[in-house]
């Protein structure tokens, strides 16, 4: 069976050019970058070149880049590291209701440590109102954390406006930019952010590597103790092949950004249009301010996982809600925050397009989805036939 | 120039058989194991097979294996995770003066959180006295952490005896076994340990993957918050190629353990003998209870890094002290704990042999080292010519 | 994640649909939880379940469990059918993932509700 | 980590050794810190450093800095030599890693001690 991968929000295939860049480091260039001898020095040099490459793309200094094991660690380090280092100065953190669990669950843990958390609401498109950020900032606010491009519904937040507010108020701003590489601008000065988290495998890089940008001068407590790697901010022998691959993947993603974005947006809009032509199907997330590859739709009267399995049977890989929590029957916290009724939230499926998605694939999806949906609706205890409504 | 790598304690080259096992996961098998669809399920299956393989080698259950980003994270999670989960039950941690910084610095951080740390002394060989463990255990002791095979001086601790004590006293025992794979027994029941940390790149596996064995029933607080991976004990998309490679590397290491250990011990003893035939050179660590590949010697009147550079110039890669701290001029905490005078500690160099080390290489080293040492001694302000002493 | 048997029942569910004049009908679950299962039974004079139908709003496990259950109880007496537990259904499906076990409860519970409905009607 | 110039001086250090009847001798550092540098100078009647020697127990940076320093001050007057700072030595070596900067201090400090020793002897 031909298989169509429309789950690029969960992970992406490794770009062959990235693998090629990694191979020497999986073979002869195996040294530990901390070693003083030849084997170490050569690798250290390449590692620092990768750091410069990443820094260049973000418009940052190499010293501001902390390599981590992934997006989760980057988010955890950003939040925990900063507020613990600043604990003498305050105890308040502001975030939003549509963050990834890597941010939300870290906040829950920090709450147990005595920090105060404010979770900002979003509108029906999943957008945060900058004014709400402004109003929520208190004397003792240390950090605001706002996701850049939402992993579930694709909504892009007005980061620059929020950044202007946090700068005025002298509060730090972290953004989870994991879903945005190769799609949205990443220059930290433009975004006005102080911390920014990335994960390589979301942009055709390898699993097991991530980045935390941390603006110079920001105090950050380490989370992993041990060797002096990453200027004492993240201990542990560096995942050298992973980091080299990540830098190369980022470079490619940025080089090909315009073209890929244009192509994907066109296909995305075709898919959205096709799905919305069905009865009782709604688009979740913002109609225009959304990630180029993201289509999230709710199919009334059926449950998302069931549709997912039906599509899988037909060779189409999609996801319901966030990949990480799709094992549970909890409706997506993002959809609920947007005010979508639980029944409708349960019926949501996410298609995330990638670089290699073709128009033929979209056509096939648009052929298969209506059949699959109808079959499930016909089975559904809460569906009474076309046009009969809830 | 031909290069001789004698720094396998810092990191090892990736075994080509390991790379071969990883390649499919760097190409077509790229799915996210959390995804329900075909791409995810296939990868999930392989990931769980890797877990079973690792568990089998440790004589453990698959549920007891937590995959991490490396040895540092495994050590950090073992200590921090356990004592934080048990904080209601006590606040005392026992460890030794010869641990890796991943353990020692975690203890320092835990001290700031209110935990009590007892650091046990060692004898002149770097050995812990089990009786000392027994005497140090208090009513409120939660955890004992003892390194299995020392990364600097190679001394192997009497874990089984210590394990018997901790079991009798009902206290948990963690061991940092990072240096021991392919060399020492790893069955957790034999070792009587409750937690055990490993790092793939130390046994010809990839950088960026590690293991924490955590006995069933032990409460452990997660350190990374986010998705539900690793049964909720370690969030973040799994480094699938790294984990697959790690399991394969472990399999190979265990299969070839007898043969490699025998070969390496022979070469190690030849190197030790050759070095000790020089004047004012001492072996650090235990003469027999030591890792098969470890030779750590102190060369009086000269400084270790200088010898390292001289050897590097002649194509020999070694290290002074632990790889991670070799950038600083602090004498090794391990050597100092063994009662070695600072001057002598400064003059220590570590050679760590590997699977591919040959007798010719050792012969070459024994040719080069005396020349290099003499040249540096002739330059040294504290050396007064042969036989004149300090 | 799911066994082949689960996927087979999910893709080719047995006994789907409504029933005219059922001897008993039961409904369990609620839309907010993403799970609603309806079961209809036709019981003959000897107390044997001659026909059974279901409709389910729910995940793959919920649909497959409903389908499996209907196959298991068709031709059984109501007393025998009452003994079919959620675990029996899951076993017959070749097992279900732990976090999905609750989904298989719905089917058996809905059947039980249908049988109670049938019994109540009998009393009248 | 180290520049080529550092490695060149480390591998081929200039002016190593003791000196008979030096005009001045200085020693800085201590063995517990892993760094001891001795500098000997021979100063002629015009106050010019005609010859200079060093011996160092220390790391690569310490040895290379000592070697570099001796080259820099040979032929200079003692007054000129006193102006050579640790940073000048590091610069001349093409830079040193941050954590190694303290090692380059020893050489210049030992030279200064040697010059002081020379001056004290002059006073007598």
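Lettered A, B, C and D in written order, each chain numbered from 1.
The definition used in the following text is that a residue touches a chain if its C-beta (ideal position, glycine included) is under 8 Å from a C-beta of that chain, and two chains touch if they have at least 3 such contacts.
Model, not experiment: these values are computed from the prediction.
Asker: Among the chains, which is located farthest from chain C on the basis of C-alpha centroids?
Answerer: D
Asker: Hey, how far is the Cα centre of chain A from the one of chain D, in Å?
Answerer: About 56 Å, centre to centre.
Asker: Return the distance between the CA-based centres of chain A and chain C, expressed in whole Å.
Answerer: Comparing mean C-alpha positions, chain C is 40 Å from chain A.
Asker: As a quick test, compute the distance in whole Å between the mean CA positions of chain A and chain B.
Answerer: Chain A and chain B have C-alpha centres separated by 34 Å.
Asker: Give the residues of chain D that touch two or more other chains, as numbers and ranges in rising order.
Answerer: Where chain D meets two or more other chains at a single residue, that happens at 1.
Asker: Would you mind listing the residues of chain B that make contact with two or more other chains?
Answerer: Expected reply: 36, 305, 309, 327-328.
Asker: Of all possible chain pairs, which ones touch?
Answerer: A-B, A-C, A-D, B-C, B-D
Asker: Where on chain A does chain D make contact in their complex?
Answerer: 36, 41, 44
Asker: Which positions of chain D touch chain A when the two form their complex?
Answerer: 1
Asker: Spell out the part of chain D that touches chain B in their complex, as residue ranges.
Answerer: These residues of chain D touch chain B: 1-2, 7, 10-11, 13, 16, 27, 31-38, 54-60, 62-63, 97, 99, 102-103.
Asker: Which bits of chain A are touching chain B when the two form their complex?
Answerer: Contacts found on chain A: 3, 5, 7, 10-14, 19, 22, 26-28, 30-32, 34-40, 69-73, 75-76, 100-102, 105-106, 108-109, 199, 201, 206-209, 223-229, 235-242, 305, 308-309, 311-312, 315-320, 322-328.
Asker: In the complex formed with chain D, which residues of chain B make contact?
Answerer: Going through chain B, the ones touching chain D are 301-303, 305-306, 309-310, 313, 327-329, 331, 342-343, 346, 378-383.
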